[in-house]
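Look for subunit A in each of the two complexes below; its partner is subunit B in the first and subunit C in the second.
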Partner chain A sequence: MMGASLSRWTMSCFAAALVAFVAAQALMVAGYGYPAAPLRAPETLLVVHLVAIGWLSLLMMGALFQFVPVLVAKPLRDPALVLPAVLCVLCGLAFLLAGFLQMAGAIEPGLPVLAWGGGLLVCGFSLSIWLLAHTLWQARPLGLSARFVATGLASLAAAMALGLAFALALSGIVDLPFAVALDQRAVPFHATAGIAGWLTFTAIGVTYRLLPMFMLSPEGDRAISRAGWLLGSAALALVVVAAPAAAFAGAGERTVALIVLAAGLCGCAAVALYGIDLAWLYRKRKRRAVELNIRASAGAFAALLLALLLLLALAATGGLAEHAGALVYLVAFGWLSGLGLSQLYKIVPFLTWLECYGPVMGRKPTPRVQDLVVERRDTGWFVLYFLGVYAGTAALLAGWPELFRLAAAATLAATLALVVEFVLARRLANVAAASRLPEGTRLPRLFIAGQRQG
Partner chain B sequence: MTQPHRDLDVRPILKAGGEPFSVIMEAVAALAPGQSLRLLASFKPLPLFQVLGARGFQPAAREIGGGDWEVIFTPIAAAAEAAPAPAAAKPATGDDWPEPVAEDDCRELDPPEPMVRTLEAVERLAPGQTVAALLPREPVFLFEELEARGHRWRGAPLEDGGYRVVIRAGGGQGGAS
Partner chain C sequence: MSGAGEAALREAVMSALRVVIDPELGENVVDLGLIYRIDIAEDGAAVVEMTTTTKGCPATSYLKEAVESAAWAVPGIAYADVRLTYEPPWTPDMMSPVAQQRFGR
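For the complex of A and B:
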């Protein structure tokens, strides 16, 4: 029953996230990190965390600060904590990246920067989890989307805790034999909690609301969606809690492997159910011609499906350890980043439109949301992006690093073009000058949403 | 306050996973003039404060243990004065909300068109008139805008997943707060 206002810092999060995404892809084009360096080399870790925290996590945080209050029809709790949370994550990321540079021998800061980074990231993410979880908590019983987001937040807490343990261990604050043991056994759990739990689960939760909204499909708690959530949550609990606990309790490799296998089966089933649900939502849509954000998302859903098939194929042939990099790349760039870019293409114009034209809506003619972008011009950039990701995955599997750099250049070019489009949308540059700013409106600022004067 | 409270316990409905909103609204509509409603719920029903506040009720909430809450909604004198017609004249609503001048079905429009159409309809109203709209979902951004413009609203989810809202045009100053 409550109104939801525009989240003040969401655009700032999106801007910082896009800067990190461009920087990470520029490093990949330059041949920094995997596949030129090993998968666990500090150079690779730098690129991975720039993508996972700088791009994907900030993108998701910005989206959730706006989206969770809309989802549960309650105002965000403690909105004053949003800015400190974002600043802690940004500073923590900077220290973390410096820590990886220190591990790589590129700089000698004379400080345990990795531990500082871990600490600051824990502060930033904990604040974010607190205010989002607190907002969700007031809205129990939770709907489908909110449940996915809640599981995502729990996974973020797990990924964060393991990450802090690594940062302390690698900084020498915890003794070395423990650090080595931790690093060798727990890295896959940390990555799974972050990529499959926090990022994937939250993204699925967001799509369960956004897709029906923009395709005019029926919304609601269907049994198949709930089963997907339960199976996925079970998979995460097994891999994030049970498997590490068993490993550290001294259980044999075989026990841990069985737990991971069970988790994998549950996870694959959850993704399959999600795919069936997506097809159902698409078939039931009342809007025949869908917009570019939905069409582009199809590239991301295809990447998720391909990643599932690749995981099964690699697990069956025993190539998982060798090709884990290609699998993670496909999930992070095809599914998560592809979905992120596709949805930004709708979210940025939508929030900008609401911010600019909300005050005069119904009183004066306003442009349509679609007028803020030029879909015809941008379809090609999404095609280029997804072709780049698929080619990059193939290049990693085949062991062709030069082709991978070329593919990264393609995704970088597409990303830069879309960033330009987001800026143009924010500046209302695609709206005809005559109807751009009716009396009573003003041009939104690029990075900070204006607040309504009641 | 010479009359006893009217009691309504919605905890069984909430425990069964139901939506008590319509029951509460029926109870409110059936209140005698000046009578207050004593509501028992398994959480602090903050959204109701807004809805019933817009209808001239003052909430007084206290936790009664086990996570349950007792809230007494008392009609405030200002609301009674503002009512142009006696409650008995309109048993269906029992307050100063006239029948909607129109009902617009926006459920099959692309966002944000439902919000635009509804606000256009609201802008055509004279102060005190109401208009109804059927929307695809609970319109949180619309509520924000209505509040900024000083209009009041009441809404409830529809059985098929949509949302029906009735908006009463304010006189140009703060209404639902």
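For the complex of A and C:
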């Protein structure tokens, strides 16, 4: 068959990712990490990596294992590597978090767990990059969505390499002036490669394919989209390759700042072009009444636009260093997490429907995918989530940590409610009992998709 | 088989295919315009040429099998062969006016 079958481990990745997301938000509500602790404190690093790796990266990996074959209309290469990749990332994350607890003085394992974590994460991400890049490679020339994903994977490799260098340096395994200097100066490059390169670029690539599917908009490789990809890729190359290279070659701070400024301008232009493209896709849609996953995504796109405006305002007023935490929070929770939750609201029922009802399609009456969720009930949870994120960003900017914890409690409550909805969708609980399980079907397992090769 | 007989059988197959619903859009494959051609030979062997809304969609194999079994169930059809094609690629403009109206156009 041309293209994709159901990915066996995607639902497991989603489940693990949601557990990490809930845990991270619970820590924030408890006042653990930033803003109660400094941005580079071990407690903050723990929460940041729980969100960036545990939630967002596992979510993205699960999505890509399922959707890269859709993007390129080729089956996933080396699917046997998916489970080892996911297990390495999970174990690596556990060791990494233990390493941050060790740095914070909370535990004393007597082992270089941070370095072990870094090593395991490199193994897991390298396996993921290998099988996804291998799948993309066989489908050249790549379409627009796949090109964004390819750039995202390259950025993941860069973020991973820098992260390993930090882990080795902080563990004291590598005791070289180079590693110490790297740790001090390269953190912004590591964060940019991870958040802007890997997560944002990949998310944009996936939306270029999913939004036309869900809204019945024209799919096209428009010049404006290609320009956005080129500008974004140039921005990433400048900030992830050129700026660190210049810094370590001994170039002055002014040169490095100019490179970062050029990258920022290219990046802002790329996001602006993406925004224009989104508006065009929405205007050209054939599906007038869009579903909740699309309506909820509007909150994420608004967060991306707000983050862009906030970046420009902070850069113009010299407040970027002071308010970097608020900016990263808005991007991670508003744009990336908001988009992730919105699309899970469609993807989980869709994959569940295929797994359960696909085998009897056309032979037995089946419910619709939309019957697996109750949109009217769930709209409020998305509203609460995005209001919480916007309030949390404002609280961080204003320096009100108690209001931030309250906002985090709102996003946590909304996330938990949506997790319950995902479980109900997996259990077909919203489907009328009479049509829930026609003959020849069976209830899907909660975390592991039943295997069916196309 | 006479021309009229083949046309009636083709119409019966088309009608049977309306029970196959594209899971993502919740609309039947005929009104979505996913069925490009139906040929029926003298011996009752049917060849159905179809597409999917997205190339590489995970629902593809399910849709193909569903179309095959729905066509095969029509009295007078001895065998159904479903062929997948992406030439021309599907666009929303291929939907029937009824389906377009349901999506709010």
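Simple rule for what comes next: the second predicted complex is superposed on the first by the 445 of 454 C-alpha atoms of A that agree within 3 Å, B and C clash if a C-alpha of one lies under 4 Å from a C-alpha of the other, contacts with A are read in each partner's own complex, and residues count from 1 in each chain.
By definition in this document, a residue touches a chain if its C-beta (ideal position, glycine included) is under 8 Å from a C-beta of that chain, and two chains touch if they have at least 3 such contacts.
These numbers were taken from a predicted model, which means no experiment stands behind them.
Novice: After the alignment on subunit A, I want to confirm one thing: do subunit B and subunit C clash, or do they fit together?
Specialist: Partners clash after overlay.
Novice: Looking at A:Arg288, would you say it contacts subunit B, subunit C, both, or neither? Reply first, second, both or neither.
Specialist: Second partner only.
Novice: Is A:Gly362 in contact with subunit B, with subunit C, with both, or with neither (first, second, both, neither)?
Specialist: After superposition on chain A, A:Gly362 lies in contact with both partners, subunit B and subunit C.
Novice: For A:Gln138, is the partner it touches subunit B (first), subunit C (second), both, or none of the two (neither)?
Specialist: first
Novice: After superposition on the shared chain, which partner residues are touched by A:Ser5: those of subunit B (first), subunit C (second), both, or neither?
Specialist: Touch partners of A:Ser5: subunit B and subunit C.
Novice: Now for A:Gln66: first (subunit B), second (subunit C), both, or neither, which partner does it touch?
Specialist: second
Novice: For A:Leu354, select first, second, both or neither according to whether it touches subunit B, subunit C, the two together, or no partner.
Specialist: After superposing on A, A:Leu354 lies in contact with both subunit B and subunit C.
Novice: Is there a shared patch on subunit A that both subunit B and subunit C touch, and which residues make it up?
Specialist: Shared contact residues on subunit A: 1-5, 69-70, 73-74, 213-214, 216, 218, 286-287, 350, 353-354, 358-359, 361-363, 366, 369, 452, 454.
Novice: Please name which positions on subunit A make contact with subunit B in the complex.
Specialist: Going through subunit A, the ones touching subunit B are 1-5, 69-70, 73-74, 138, 140-141, 213-214, 216, 218-220, 286-287, 350, 353-354, 358-359, 361-363, 366, 369, 452-454.
Novice: Using the touch rule from the top, collect the residues of subunit A that touch subunit C in their complex.
Specialist: 1-6, 66, 69-74, 209, 213-214, 216, 218, 286-289, 350-351, 353-354, 357-359, 361-363, 366, 368-370, 452, 454
Novice: If we count contacts the way the header does, which residues on subunit C are in touch with subunit A in the complex?
Specialist: Against subunit A, the touching part of subunit C is residues 19-21, 23-26, 53-67, 69-70, 84, 86, 91-93, 95, 100, 103-105.
Novice: Flag every residue of subunit B that touches subunit A in the complex, lowest number first.
Specialist: Listed in rising order, the residues are 17, 43, 46-48, 50-51, 108, 110-112, 115-116, 118-123, 136-138, 140-148, 155, 161, 174.
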